[in-house]
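So that we are looking at the same thing, I have put the structure below in structure tokens.
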Amino acid sequence: MQASETVEISGHLMDSGILSRVLDDIREYGGDYIMDKFDVGHDAHDPSHAVITVTAEDDQALQRLLMRLQTRGVNQVDPGEASTAVVEQDGVFPDGFYSTTNLETRVRLGGRWIPVDNPEMDCGLVVDGADDGVRVFTLPMADVRAGMTVVTGASGIKVVVPLPDKEDGAFGFMESDVSSEKPQAVLVRQVADGMREAKASGRQVLWVGGPGVVHTGAAPAMVALVKAGFVDVLFAGNALATHDIESALYGTSLGIDLAQGRGVEHGHEHHIRAINTIRKAGSISAAVEQGVLTGGIMHALVTQGKTFVLVGSVRDDGPLPDVYTDVIDGQRAMRAEIKDVGFCLMVATMLHSVATGNILPASIPLVCVDINPATVTKLADRGSSQARGIVTDVGLFLEQLAVELVPGYRS
Amino acid sequence: MQASETVEISGHLMDSGILSRVLDDIREYGGDYIMDKFDVGHDAHDPSHAVITVTAEDDQALQRLLMRLQTRGVNQVDPGEASTAVVEQDGVFPDGFYSTTNLETRVRLGGRWIPVDNPEMDCGLVVDGADDGVRVFTLPMADVRAGMTVVTGASGIKVVVPLPDKEDGAFGFMESDVSSEKPQAVLVRQVADGMREAKASGRQVLWVGGPGVVHTGAAPAMVALVKAGFVDVLFAGNALATHDIESALYGTSLGIDLAQGRGVEHGHEHHIRAINTIRKAGSISAAVEQGVLTGGIMHALVTQGKTFVLVGSVRDDGPLPDVYTDVIDGQRAMRAEIKDVGFCLMVATMLHSVATGNILPASIPLVCVDINPATVTKLADRGSSQARGIVTDVGLFLEQLAVELVPGYRS
Amino acid sequence: MQASETVEISGHLMDSGILSRVLDDIREYGGDYIMDKFDVGHDAHDPSHAVITVTAEDDQALQRLLMRLQTRGVNQVDPGEASTAVVEQDGVFPDGFYSTTNLETRVRLGGRWIPVDNPEMDCGLVVDGADDGVRVFTLPMADVRAGMTVVTGASGIKVVVPLPDKEDGAFGFMESDVSSEKPQAVLVRQVADGMREAKASGRQVLWVGGPGVVHTGAAPAMVALVKAGFVDVLFAGNALATHDIESALYGTSLGIDLAQGRGVEHGHEHHIRAINTIRKAGSISAAVEQGVLTGGIMHALVTQGKTFVLVGSVRDDGPLPDVYTDVIDGQRAMRAEIKDVGFCLMVATMLHSVATGNILPASIPLVCVDINPATVTKLADRGSSQARGIVTDVGLFLEQLAVELVPGYRS
Amino acid sequence: MQASETVEISGHLMDSGILSRVLDDIREYGGDYIMDKFDVGHDAHDPSHAVITVTAEDDQALQRLLMRLQTRGVNQVDPGEASTAVVEQDGVFPDGFYSTTNLETRVRLGGRWIPVDNPEMDCGLVVDGADDGVRVFTLPMADVRAGMTVVTGASGIKVVVPLPDKEDGAFGFMESDVSSEKPQAVLVRQVADGMREAKASGRQVLWVGGPGVVHTGAAPAMVALVKAGFVDVLFAGNALATHDIESALYGTSLGIDLAQGRGVEHGHEHHIRAINTIRKAGSISAAVEQGVLTGGIMHALVTQGKTFVLVGSVRDDGPLPDVYTDVIDGQRAMRAEIKDVGFCLMVATMLHSVATGNILPASIPLVCVDINPATVTKLADRGSSQARGIVTDVGLFLEQLAVELVPGYRS
């Protein structure tokens, strides 16, 4: 039996192309729609407002379509109360659980709108406590436990999509697409401004990096940025840390080879020996304390008291003792460090960029720099719609960023 | 104090370009050389033989250079006896440990040449037992335990690089480089022949796959190949299995969307709901038994009694209950399944391809198929020199492979 | 002094994202707008209708903005009469000339709407004759002559953007983007259907090809398609023809090398010798007649009486005697062959694909096949909005297309 | 009947990998070989010397194989006298004509070795004059005329491959491959040094550029380099000049859009209007004189009295009046400007880079900068073996190059 619901959305519906995507979603889920009302902004700065009745073949299909539409900021006109169910099995959500977005979300319980603590996509919503003490927070599937109360269906939920502020938006620099043909110097300045603003407002700058940071010769620039206070947290894998440490210990990347401008490929025994050395010391910070590790990015992070979370992958050698070999543990460690982040820069890594995009709220500005357009595209496709991409050379980009942010760098 | 050693290498030195890379290595490690002898093959089929004296600034540098050269099949003329040291700390090799290649290797102990059990790159060599019962095997760093005896330095070791048989080599089809401009139909046939030969000799065919197998619409072709017995083992991540199961449960990829030729990007809730369904069932095979999962690649593997190893990554949602979340455990599970492999096909995944390349002996023919040339290049750069790459469309390639190998497919 | 004009647009404004691009254009040209009216389609199949007042800083800026908007199908509510000016200098349009789109266009002259003969983008509109005999046609800048009458400004012009028919559209298969992760077999079938429909309606199939057709081993498939009547016209450069002829004469690509699956790079003397041989014969068809050229794609085109237009580029060797060395002459020759085209397939060439996209009316279905996503993206960015892209292996794609279209092929 | 010849080659045969390619060539041409002698360099700096007897199925095949080997610097031990034939038909070489390399070449005539005037690949060798006045020069096929005397076969010819000087080579920075993972700052400095050296020795710096120079915001950097004397000649197409002029006239690229860091795609009427404006003026330099064009790269070249050669392509609109529409005429104009070139930088264009690579002698240092690795690879594959590639962001690269070469730039 067909089921239908009336939904609404406000914002710059036309010039953001969002409505087009909403209607695509309805079609994709086999649904249909009637446009009940469409109030269009009179002039360029006014928001528009649409009311749409969507129909699906049955209530289950409708609920899923409604959840899907909420990822676009489309909410029910009459949201009603949220319904919940109790988890019966560890690590398994109840059927029909509400699957989250990374947007600001509120849940209607007992007639009140409760804000969700930590927006993260593809999680469930756990309801904890009752009455005045009620709290709603996201929880990934692996962490849910029997007995917990979880929201089901799309009723009683409101999702807020931020209005893109086209006029003076700090990070509106690459609104529609990804391209290597952009005036890069302007972009460097905009990233620098984003970092300065985050710091000025007392928030942290999160970096997500791949080994390309070391290979492109950008380690000195990044070290300068760590020392100048523009790297509060680093998320990376075994490779970035290993290549950085290998350079510091044997000079392979930064010594002979980088000085002559020639790259070194894997297969040499340097990296495995570097890992063994750190394992012997016990940890990266122990190696710094023991005077074994005396330079590079990881050294700078340790001596400046900054945080790093290294999460392993199936292709890792070793790994370094600091690496989380369990990826779910690694995700938990990453989640623990994003609370105060006010700006995120992703450099030269697809795997860790997507992983970080998965757990970051959409409200945190996020810039992805890679020479490969696919990395940037992938990130946006995975749901990190706030991601801005810069397709450029990582080495020159970080060099320019250091010149912009670190007084006296290269002078 | 300078140290030197005389080494030798045999084979098609010139037409394989190997000597050029050997001399590059010497330069990269800051060494020098004198070419003592060079006997060149008289005609095109004769091997050449070179004797080279290499010099480094001290013995430690020399030992490392010698280990490096062994990755090219360059051995000491007078190898002497292998030296060993005892492991003092779990998970840490002794200083100067011998770092392995993925080539056939022998170790001289007590005047005898002991073959290494399971060649794998970037491991240590553990010596177990004594006299007639002595055994040498590779062990990754994470698995080494205090008290074990491990080979150090490059003495007493012989590495055999197989002579590439250019005339009639089964997999000589892409000797020098990676290109999208190759006559693909011929390559399909050669891969089919490689699989048939492996099966005919009683060995297994290993597949390593990424989610692109599902996205390109190749799942039916792969199911047919599973049923026809050409997929014995599958290594993959959470994504391939999830997208395959999502297609089977909701028809998202293979139903509505694939039938209309339109792709679906992440962000929809299908995949997270598919994972939840399997977690509720307990495992993929339990879901098959319970009649929850009734089609697709994973279903075919389960019903045909085939093996799969799924190893997670930091970007995973869920994950599926069958996924190893600890990557080191995952590597161990993969190692346990490669003993009887006689042919390996890697399709549409860089992460798991590199991971598999890390643990496979160089003697196993390995073909990597991807639309992105970088995946194929990366694999070879990481040391899997036996890798042959095909840059092509994965969907059409597997379709053609099924037509070639499965009687009655698409007719 | 500010100038303004009221414009309107109809169609599936929201789900095509077109309105978003219209508003971007206004902003890009420094203009502003007020949305006077917006009638939204009530259900999914109804078109919407918008009336917008646009403002620019002066009339000249306004006229240019209006022309820009017409490329999106936005027309003046009160178009008035077209204004014209007389060309004073050969090859130079009057100031303020109307710059065309590739869409169906009408011009209001003497109170009547005159349809434009041959829509082509970036041309001028020449008015010829008067009263009942008046005719309006596009003319590229290089061909305009002093004394001709040319339309200026945006008044008196109507442009019709076709409603994309999402439900059953023959070539709606890749509506929004370009991706290598698509179910390719479906796409092959859709291209085959498109060619069959064109032929069934008495129209021609135009191919635009690069040398990759030969390098990927697809020449036999293309020869079969020529013989089966699915290649009426070929646009290409010197390279496709030369590599094809080289293969036929020396077997370099299709003989030794293709049979063994190895590519051959430039630098060989084969290609220059092949060109010399054809120059000696006088032309490709003369070489066929003299029995010099006995196989391959060009041979098939000649013997089947099909048309080809080869246009040179600055990197050409030779070139072949059939190649237009003057690119403007080449464009004229191409224009002369597109009159009856009902379907266009572009394979493995960016240069000639963009060139053909420049002159094709938007009404002709156009599919671009390339292993490089950039080629497909570029084409759409250049204004060929009807272009549908397939990122896949050219060799396997044409092989499958021949299986689909040519009875008995490969059986 | 089999034919054979004894050839020799000297140089760093092993560590350049050249011998491997020579033996591949022999196999590719269906030939066979016997290695008669191989004197290997004793230490790392000594050259090696090989003598090889090659065999082919008949003399014609042998001659073609010998010509092929000469592209590698392999010459006949007993070269004998060059044979010649008289051209019978305009634009057609005699059968068996010697096809040239871009290397230093000498021809033995009347017992003397005559140096070839202007090495260029894929040309014929014309012998002009006699006795003491004899002269040998390359001529492309299109320019040969009946009655000329042209060298045939491979006898009597010596080709000199320069010894790559690995120790202190000015442009040895990227010896083996193309990669985006290189320390780019070092590379910028090396290119700067190359330009300074060329200027110091009284030679010219040739730039070959695509429109990406303008799109990436690098025009100001390039203007500064023109003014500082580091751009003597520019080879480009219609697009670079048009986009540059469009920016200067309408500020589209450098004004509104570049300042905001957003790219602009084709389809706008700006570019076609910019072309019309210059056509009206008569030429780019006339537009400068008339005060119509007052900024940008083309303006800088005109006011600094520098040379540019613009050659058209089939996708061009307009084109600008300065553009050669006949590509063979364009090639001739380019040839006329390379006589004094001492350094060549290619930026962001595949078409014109390959075209320039075709006519440049191998003795001129050549660096190719592009964000797309395929452009760089293509150039080397086409025979420009001296090409060094830098895969990086063009905008940031030229910015850094200007900082390096122009005192006071950006300070």
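The letters A, B, C and D name the chains in turn, as written, and every chain counts its residues from 1.
Heads up, the rule we're going with is that contacts are C-beta pairs under 8 Å (C-beta built on N, C-alpha and C of every residue); 3 or more make two chains touch, one makes a residue touch a chain.
Note that the coordinates shown come from a computational prediction; the quantities given were computed from them, not determined experimentally.
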Shared interface partners, meaning chains that touch subunit A and subunit C: B, D
Between C-D and B-D, the pair joined by more C-beta contacts: C-D
Most distant chain from subunit A, judged by the mean position of its C-alpha atoms: D
Separation of mean Cα positions, subunit C and subunit B [Å, integer]: 45
Centre-to-centre distance between subunit D and subunit B (centres being mean Cα positions), rounded to whole Å: 40
Averaged-CA centre spacing for the pair subunit D and subunit C, given as whole angstrom: 32
Touching two or more other chains - residue numbers and ranges from subunit B: 372
Contact footprint of subunit D on subunit B as seen in their complex: 13-17, 19-20, 23-24, 26-27, 32-35, 38, 40-44, 50, 166, 176
Subunit A residues within the subunit D interface of the complex: 173-175, 177, 179-187, 190, 212, 215-217, 258-263, 371-372, 391-393, 395-397, 399-400
Subunit A residues touching subunit B - in the complex, by the definition given at the top: 28, 30, 64, 67-68, 71, 89, 91-93, 97, 99, 121-122, 140-142, 237, 256-257, 264-269, 272-273, 275-276, 279-280, 311-319, 321, 325-331, 334, 351-352, 354-355, 358, 372, 374, 381-383
